[in-house]
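Next come the structures, one after another.
Common to both upcoming complexes is subunit A, partnered first by subunit B, then by subunit C.
This part shows the complex of A and B:
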C-alpha cells in the first residue's frame, strides 16, 4: 500500500476499511430458530423464523451464506432514495449528501453476498457508482483549492472509503505545501533582517468545502 | 519531511553544485579535474556535491556557492510560461529539497517564492491526473516530475488502484502458500509428526 514506505502516513487498505464496516447493524429475517448469540460486542437474537432481527453485517453475511436468513436492504439502498441523493449531489456542487459512513463498503458486501435480497440490484448498483463518481469529482475539485494557507479542511458527510482514498495524497500535498510556505522559505524574501515577526498569521481559515 | 533516516534526504546531498574557491586549497587537487598540481587555486570554479560545498562554506567561507542552473532566470521563465510542461527531473530530481537547503546559503532570496510558485502550479496538473489515470500504464507526464512530486502522484495512484482492486473483488481470505505444500509432502510419509 502507498503508506507503507512512509510510517507517517497511516493508511488503511480498502479491505481493512471493509472490515471496520462489517460492524454496522443491518436487519435480517431469519428462517431458522436459534438461541441468542452472546458476543463480546453484544448479544444478538434469539432468532425466530420470519421475525426480523438486528445483527452486525458480518453475522448477517455469515448466516446468509449458510442460507439461514435473508438480509433486508437498508432503507437508503432503494432506487427512489438513491435517485434523490444523486440529484441532490449533482445540484449542490460544494456539499455532500448525508449517506451512511460506510455506504460503499456496505453496498459492496450486500451485492457480493445478498444480491437476491436487493430489489432492482442492477439499478441500485449503478446509482451507487454514479453517486460515488460525482462525490469523488467534488473531492478533487475541492483539493484544487489547497494551498499553504489551508490548515483546516472541512469534509462534512464524506464517507470512510472516500477519505481513505484521498488520505495519502492529501497528507503528502499538505506536507509539501507547508514546507514551501514555511516562514523560513518565504519571509526571508520579504524582510531579510527582522526574524522577530511571529509566525501566528497563517491567513484566514479556508474550508475545502463550504457548508 | 527530511529526517535522519530519509534516504531521499541523503541522496539529495549528492547533487553537484558549482562553487568558486575563495582560498587556495592545498592537497585537494582531486576535486578539480583541471588542476595541474595537487592544489585548487583561488578563484577556481569546481563542481562539488552539496554536502561538501555546504561544509566548506560553513567552515571558513572557503567557497562561494553559485546558484544552480535549475533556479536561474531561464528556468523561472520556463516555469512561468507553462509549469506543467517543464521537465524538472532532468534538471534536478531533488528540485524542491535542494531549493529548500540552498535558500539560506545563497544571496538570492526569491528562490523560496519561486519554489512555491512552481509547486503550486504543477500541483494542479498532478491532481488532475493522479486519481483518474489508468492503473497499468504510467502516464507520459510522470517522467517529468521531481522526486517529491512523483511521491505525491504515486500515493494517489496507488490508493486509487488498490480501491479499484478491492471493488472488483476476489478471494477475501488468501491461502498461505505454505499450506498447500505441506500436505503434498506429508501424504506419502504418513502421519510422521514430530
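This part shows the complex of A and C:
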C-alpha cells in the first residue's frame, strides 16, 4: 500500500542535532586580540584579552582547541543548580524541569573540549548523567500512557536530544493507535465482518475502544 | 521602560532572523515534514550570494596573508552554511524522487518546487516510466500494464506513493496560538502555548507550519 513513511527521511542523526546545538551562544574569555568576525551566521567580536565576549559554541570550541580562549561554563552547569534540578526532577514524576533545549549536546561538547574550564567537572558530569537518566525514565513511562484516545501529546521542556531518541517510538505508537482507532477503520472492519470475516475479528477491536 | 523592552525584543528578533537561522528553520521543517514544503527561492539565493561572497573574501585573505586562525574560522563558518544549504537541497531532491508521480499530478505541489526542481521532477518521472515500461510493463498482459494503476479495474491511481500526512510530528510553538482544533468536528482541541513542545498530527497543524507560526523539530 502506498503511504508508508520512510523512517530515514524524517530523522535527525545525533550529529545533526549536535550541529544545531553548536549555534547556541556561550561566553568566552579570549587571551588574544582579534578583529571582529563578520560571518554569514552573524557578527562577533572584536576580541580583546581578558574581555568576555559572546560567540556561538562552535566558534568557542574552535578557539579553545587552539588555546586562544577559555569558555565560561553556562550558569546552569554548576553543581548547585544541577543538584536542584535533579531533586526537582525526582520529586515530580510527570514533569520535566526547564533546562536549555540543547543541554545534553552543550554539556557533551564542553566536557570534550573545555573540561578544564568547568568547576567540579567530575561532579557536574555525573549530575547531568543522573538528570538524563531520570528524565529518560519519565519519557519511557510516559510512552505507556499513550492510548487510542491520544490525539496530542504535550512534552513541556523536553530537550532536543531527548526528542530525537524518543521520536521513532512515539510516532509509531501514536500512528498505530490513530490508524486502528479511526472511525473509517472500525467501519471497514464492521462491514467486512458482516459480510465474510468471522465475528471474532471484531471482538478485540471493540474491547480496545471501550477500555 | 516599555521602549527598552521594545528595543530588546526588536534586537532579539533581528538576531534570530539571520539567513542562516531562516535556512536552518527551513531545513528542520523540511526534514520533519512528511510532504514537500514551499521552496523559499529568495532565501536560498541570498544564502548562495553570501556563500559566494565569503568564498571570494577567503581567496583574498590567503593572497593577503591574513592570519591562519582567522581564515580557518571563516572557513568553518562557510562550511557550516554550505552543509545546511546542501542538506536542505538534497532533502528536497530525495522527497521529489520518492513522490515524483504524486507531485506531478498536483499543481499545488508543483508550485512548491523551484524551477530546477520542477525540471528534475519531470525528467525523473519520464526516465522512471520509460525504464519500468521497457523492463517490466511491456511484458505484462493487457490491463496490468499501467505505471500508476494495479489493473484496469482500479478506480484510482493506487500505485502512486503518497506522503502520509496523518503521521505525527514533534513541533514547537513560537507564540501563543490559543485553542486549536485538531480534527474536523471539534472533538480534539489543544491549547497551544508559546514555546511549548507538542506531538501532533501533521495534517492538522499543516497550516500553522506553512504560516510559520509553529516549527517542526
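Structure notes:
Rule of thumb we're sticking to: the second predicted complex is superposed on the first by the 175 of 211 C-alpha atoms of A that agree within 3 Å, B and C clash if a C-alpha of one lies under 4 Å from a C-alpha of the other, contacts with A are read in each partner's own complex, and residues count from 1 in each chain.
Convention: a contact is a pair of C-beta atoms (placed from the backbone, for glycine too) under 8 Å apart; a residue touches a chain by one contact, two chains touch by 3 or more.
Note that this is a predicted model, so its numbers are computed, not measured.
Contact with both subunit B and subunit C is seen for A:175 once the two complexes are overlaid on the shared chain. By the touch criterion defined above, A:144 reaches subunit B but does not reach subunit C. After overlaying the two complexes on the shared chain, residue contacts for A:167 are found with subunit B and with subunit C alike. Look at A:136: by the touch rule set out above, it reaches subunit B but stays clear of subunit C.
In the superposed pair of complexes, A:108 makes contact with subunit B only, with no contact to subunit C. In the superposed pair of complexes, A:154 makes contact with subunit C only, with no contact to subunit B.
In the superposed pair of complexes, A:33 makes contact with neither subunit B nor subunit C. In the superposition on chain A, A:18 makes contact with subunit B only, while subunit C stays out of contact range. When both complexes are overlaid on chain A, the residue A:58 reaches subunit C alone and has no touch with subunit B. Residues 2-3, 9, 11, 167, 175 of subunit A contact both subunit B in one complex and subunit C in the other. Taken together, the subunit A residues at the contact with subunit C in this complex read 2-6, 9-12, 19-20, 22-23, 34-35, 37, 39-42, 58-59, 62-63, 66, 68, 151-158, 160, 163, 167, 170-171, 174-175, 178.
Those residues of subunit C that touch subunit A in the complex are listed here as 15, 18-21, 24, 28, 31-34, 47, 50-51, 54, 67, 69-70, 72-74, 76-78, 80-81, 83, 91, 94-95, 98, 158-164, 166-170, 182-183, 188, 190, 196-201, 217. Residues 1, 96, 100, 103-104, 109-110, 112-113, 115-116, 119-120, 123-124, 127-128, 130-131, 148, 151-152, 154-156, 158-160, 162-163, 165-167, 169, 172 of subunit B are the ones touching subunit A in the complex. Of all residues in subunit A, only 1-3, 8-9, 11, 13-15, 18, 108, 112, 136, 140, 143-144, 146-148, 161, 164-169, 172-173, 175-177, 179-181, 184-186, 188-189, 192 touch subunit B in the complex they form.
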